[in-house]
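Every chain is named by a letter (A, B, C and D) in the order it is written, and numbering of its residues begins at 1.
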Amino acid sequence: MLTKIRTPLILVNFKTYSEATGRKAVKLAKTAEKISLETEACIGIAPQYVDIAAIVGAVSIPVFAQHIDPIAPGSFTGHILPESVRETGAIGTLINHSERRLKLADIDAAITRARKSDLLSVVCANNAAVSAAVAALKPNMVAVEPPELIGTGIPVSKAKPEVVSGTVDLVKNIDPDVVILCGAGITEGEDVVAALRLGTEGVLVASGVVKAKDPYKVLLEFAESTTKA
Amino acid sequence: MLTKIRTPLILVNFKTYSEATGRKAVKLAKTAEKISLETEACIGIAPQYVDIAAIVGAVSIPVFAQHIDPIAPGSFTGHILPESVRETGAIGTLINHSERRLKLADIDAAITRARKSDLLSVVCANNAAVSAAVAALKPNMVAVEPPELIGTGIPVSKAKPEVVSGTVDLVKNIDPDVVILCGAGITEGEDVVAALRLGTEGVLVASGVVKAKDPYKVLLEFAESTTKA
Amino acid sequence: MLTKIRTPLILVNFKTYSEATGRKAVKLAKTAEKISLETEACIGIAPQYVDIAAIVGAVSIPVFAQHIDPIAPGSFTGHILPESVRETGAIGTLINHSERRLKLADIDAAITRARKSDLLSVVCANNAAVSAAVAALKPNMVAVEPPELIGTGIPVSKAKPEVVSGTVDLVKNIDPDVVILCGAGITEGEDVVAALRLGTEGVLVASGVVKAKDPYKVLLEFAESTTKA
Amino acid sequence: MLTKIRTPLILVNFKTYSEATGRKAVKLAKTAEKISLETEACIGIAPQYVDIAAIVGAVSIPVFAQHIDPIAPGSFTGHILPESVRETGAIGTLINHSERRLKLADIDAAITRARKSDLLSVVCANNAAVSAAVAALKPNMVAVEPPELIGTGIPVSKAKPEVVSGTVDLVKNIDPDVVILCGAGITEGEDVVAALRLGTEGVLVASGVVKAKDPYKVLLEFAESTTKA
């Protein structure tokens, strides 16, 4: 995995924000790449499916899908085939984001399909116990995000540090190889520092960057913070 | 609508077939465009989301998404935003394919969102009564496909002509402006002729073309058949 | 259908309210029966599945399930078999309540299964167009309920009379035999009167009765109002 | 938990089989109780929701629901409220059966809701890794059932002993207090013996009993086998 990303990782979820759609998505990707080059921080981005190809063509930072379906090639109209995501140039994928939750057996199958398609799996979880459950399925990364904090600007690393440290304890006990991210409400550099000090190896962010007045400034602050923990 | 497509319409669903993924998807799109130019038949294609951009860049025939979610821009990680599909260059979308069925209220909302995003809506239905229900929601097109015939090579237009003609009767009674397609099991030109003679204005096809030994030959036969009904 | 219910119909949805669970559900059913006998109004009730048997044993008013699955007997652990609901003594069922929405094809199948199991189908819809779509599937009744008004105390019959009258127009045009109810926010007798004057044949109520300080008083007012429209 | 059940446990899932609906469900429950008294084996049953009340009134063996929703009392029309299941007299519930799979976060919430409602949680899983994931959520029991064997008569304990023993190893490593059942294809007493010898503490059975020509005979054989392992 280290050949594709390094930790600490800042993973920016573009969601379906208009600020991160189409040409704006490419522009934001270039901003992320610029900061990555300036700071040497590892910054990944997760744009919408339809924008992956243009972004992969425009930047060299790691690109993730926002979801894959646990399917193989075949009759699955409207679904997300892992192989297609990989062929387009993405190197990983979110799975089970709180806005796109999956059935347990499908998470297990999606992780397996990601592995077979050479995609890194970043599986989201809503609390420490669920993070532990996910870790038992051997994904590459777990991202713990209390859904009640997503989009609030109240950082999980400060408002619920016990969720983050509890996740680190439980996950590492089950599988020390699983990389742990945390997310929800992260809007300042010190939130990133707090997250890393709690034992995570990166953050999953979205509105804090995408909807910032100056995404460059915020993401630069995040990137510089990854060396301060 | 006539500015974007003409009837009879042949709409080719690429599903998540490996034969219609990535570079192979672009190649198949070019084959469809070639036949469209040679025969003047209107041929649309519905590739996977990640392939839309490359295909729109490579051909001039109508491109459809395979599904959209009934959402506006915002926090919908992993979902399909109609505006994004439109910005990528697709001119329409399937909705409620039997492999990606939606809740009734979501079909209604997706049709509305498609209209607002300048996308043609092609809503799939599994029988005549459901087609009538869909017509009450004022989509651009209804595509009736008995799911038990999909992928079988047993053409709906021959095996269940009463489903097709029943759909035509019920739908036109509710809204005569709704264009009616039929699909499932269509593999020969005469299946297309039969479909049009039953009162439809086109066909929705998938494996019959995509998985054919010679897609060019099959699709050419379909295209030429649209003038024989 | 007239052998089982009469219109105007007041249908009380017990939801999963603690005030309408277990022994309290039986008590509330007896209150409804008492008012029904006193006023000769037709009052139906839709309790939780586990409470149907005790309620059917205790009262003689029409009992509905809150949902059925579109299944036949077989391997469907955890699902609601229409035949079982019927054998327990319910005479009908809600389908597609806004809190338990179904896929379109499943609504169609559930209506068919209800009919075959001798259950009246009351299909909920969120607006006039969706009500029309439902009517095309030939249920016994449609209940239009704008979800944004459910539980608010703002009555649909006053706040959105055009939704109610629009539903009546569209549904009767598609199938004049379908009985139309409306619901959401109904808390006073005059809301019932307004609903009936808009052309409906009854109301679907829940919190307005179940969570009232004095359910007897409110439901009596509703029942008496059915003769005033 | 030992106050409610003992191990080895034979848990009979009635599904929505017509042979286990309504009066037939009560009769089958009495058969199970008779065998339980004769053999002193612990036999639990999981009937349909609408039948729980009648069965609890007729027999003294442990009764389980087939599913609960992760909800508290409120506006959840058509859902299964844990408190209602408990008040009806069930002492536990299946969760995440392969025919009623849940999202991961909902399994976690359902286990918590079961605990608060004084219901034993028996969470189903489709393989060893998913069983381990479930164990991290601290249910009372995990039941591993490879879905491809359910209803086949090919016993998991013989056809896939490594799935059963692998589940035992992984689950006990995560939480030794979680009771492990296995199921799928169990039709003979020796399948039960094999399951127990692989380290499980009981079996989850369905068609093997319910659809047997002589359920008494089969279930008696199962019960007697629990003392032979």
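We adopt the following convention: a contact is a pair of C-beta atoms (placed from the backbone, for glycine too) under 8 Å apart; a residue touches a chain by one contact, two chains touch by 3 or more.
Computed from a predicted model, the values in this text were never measured in an experiment.
Summarising the inter-chain layout, the chain whose CA centre lies farthest from the centre of chain B is D. The distance from the centre of chain B to the centre of chain C, each centre being the mean of the chain's C-alpha atoms, comes to 37 Å. Centroids of chain B and chain D (each the mean of its C-alpha atoms) stand 44 Å apart.
Centre-to-centre, using mean CA coordinates, chain A is 34 Å away from chain B. Under the contact definition stated at the top, the residues of chain C that touch 2 or more other chains are 98. Looking at which chains touch one another, you get A-B, A-D, B-C, C-D.
Residues of chain A that touch chain B in their complex: 13, 15-18, 21-23, 46, 48-54, 66-67, 71, 73-81, 83-85, 87-88, 94, 97-100, 150-151, 206-207.
Chain B makes touch with chain C in their complex at residues 96, 98, 101-108, 125-127, 129-130, 132-138, 170, 174.
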